[in-house]
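Quick one: the structure is below, and I'll ask about it shortly.
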Amino acid sequence: MKCIIEKAFVKSHRTTELIAITEQIRQIVQKSGVKNGIVNVFTQHVTTALTINEDDPKLEEDIARFMLKAVPEDDSYAHHHFFRKDGRMAVNAYSHIRASLLGANLTIRLLDGDMVLGGRQNLYLVELDGPQLRGLAVQIMGE
Amino acid sequence: MKCIIEKAFVKSHRTTELIAITEQIRQIVQKSGVKNGIVNVFTQHVTTALTINEDDPKLEEDIARFMLKAVPEDDSYAHHHFFRKDGRMAVNAYSHIRASLLGANLTIRLLDGDMVLGGRQNLYLVELDGPQLRGLAVQIMGE
Amino acid sequence: MKCIIEKAFVKSHRTTELIAITEQIRQIVQKSGVKNGIVNVFTQHVTTALTINEDDPKLEEDIARFMLKAVPEDDSYAHHHFFRKDGRMAVNAYSHIRASLLGANLTIRLLDGDMVLGGRQNLYLVELDGPQLRGLAVQIMGE
């Protein structure tokens, strides 16, 4: 059994956005040479999430807007974040809560060297506190 | 190590409902002959989800009702869905958002050829845009 | 390939709280002797969840408070729970719904015998109907 770990990097450009990562993960899977098994995609960050949904820019906007509304910025939160570079303080508890609602990892089966996804299923990194450069761990287990 | 992929089909009868799939998945696991490992259940659709909760029809209703309320239909959404058969257009962004909130896959451990679940834990397919026939991928890895 | 299942126990002290379990899971992983693979952490209960977020007591409070607000107690629910010991009836549907929103399992990769987590990532058991003694299944697969 092979057990391969690769990293993937994704650059976000907005505070809150869905970024399609299906092709990037597919290429890592194909390069691994594993034919049957699973791929586990895991975000390394506490203000991003991973989700699966339909490949439609309008839906990406709908999901991002919903997260802003479901966990509003103008509520009362205790958590503060100090930026390491300039010591500036920011409240971003809502970014963390949105991340916990969506989840940090996806496990997808591999068959004949490719991910088996439904016809409309697309993998997304959900940026919740961007823009930033984000790292994903992509782990492939199988034979 | 064995790595077996099976499909399971579930027919929903309402727009939004929880459908218990524990026994159906259990039979697939037992048929696979894998004794120790994991089973990964994955929905192929972007308007369904998978969840684990207590086997009580009243709770199934509570969860379905909550999803309707948490992501309301009468909000403003950009995503539209065209039915392939008759070209009719429908807004169902709320179904997609509900799916992302609940998640698309479950990973459950196997011991002595059966899923190890807590006494009250039941696996559910959550239909969010039915009624439809839905396909699940059931992947069993282990020995 | 090894496939090891261990149990972990966590005692909650409040009705709703996040309890850090990173060190407890790390020790189980190290004791297993598995160097490369995955660890799947799974809660056995239908009124708890698992999540990953930043190790900050203030954020733990923010997440707990958000769950209370997102799924309010003073709504109308059908599900009732009878306590086995004294036959007392309680409505705790909101605890179950909160559990489904956050999810019941986490899959984390192992490299060189340790979980690979981002610098701010902490594993949490989310107690949603405590205080209780809770059981987690910790499954380690790999070599």
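Going by the order they are written in, the chains are A, B and C; count residues from 1 in each one.
Simple rule for what comes next: contacts are C-beta pairs under 8 Å (C-beta built on N, C-alpha and C of every residue); 3 or more make two chains touch, one makes a residue touch a chain.
Only a predicted model underlies this, so the values are computations on that prediction, with no experimental measurement involved.
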| item | value |
| --- | --- |
| Homomeric contact subunit A-subunit B: same or different residue positions, threshold half | different |
| Superposition rotation for subunit A onto subunit C, Cα-based, multiple of 5° | 120 |
| Euclidean distance of C-alpha centroids - subunit A vs subunit B, Å | 21 |
| Multi-partner residues of subunit C (each touching 2 or more other chains) | 1, 70, 101, 103, 107, 141 |
| Residues of subunit C that touch subunit A when the two form their complex | 1, 36-38, 51-54, 56, 58-59, 61-63, 66, 70, 101-103, 106-109, 111, 116-121, 141-143 |
| Touching residues (chain side subunit B, partner subunit A) in the complex | 1, 3, 5, 40, 42-46, 70-71, 77-80, 93, 96-97, 99-101, 103-105, 107, 135, 137, 139, 141 |
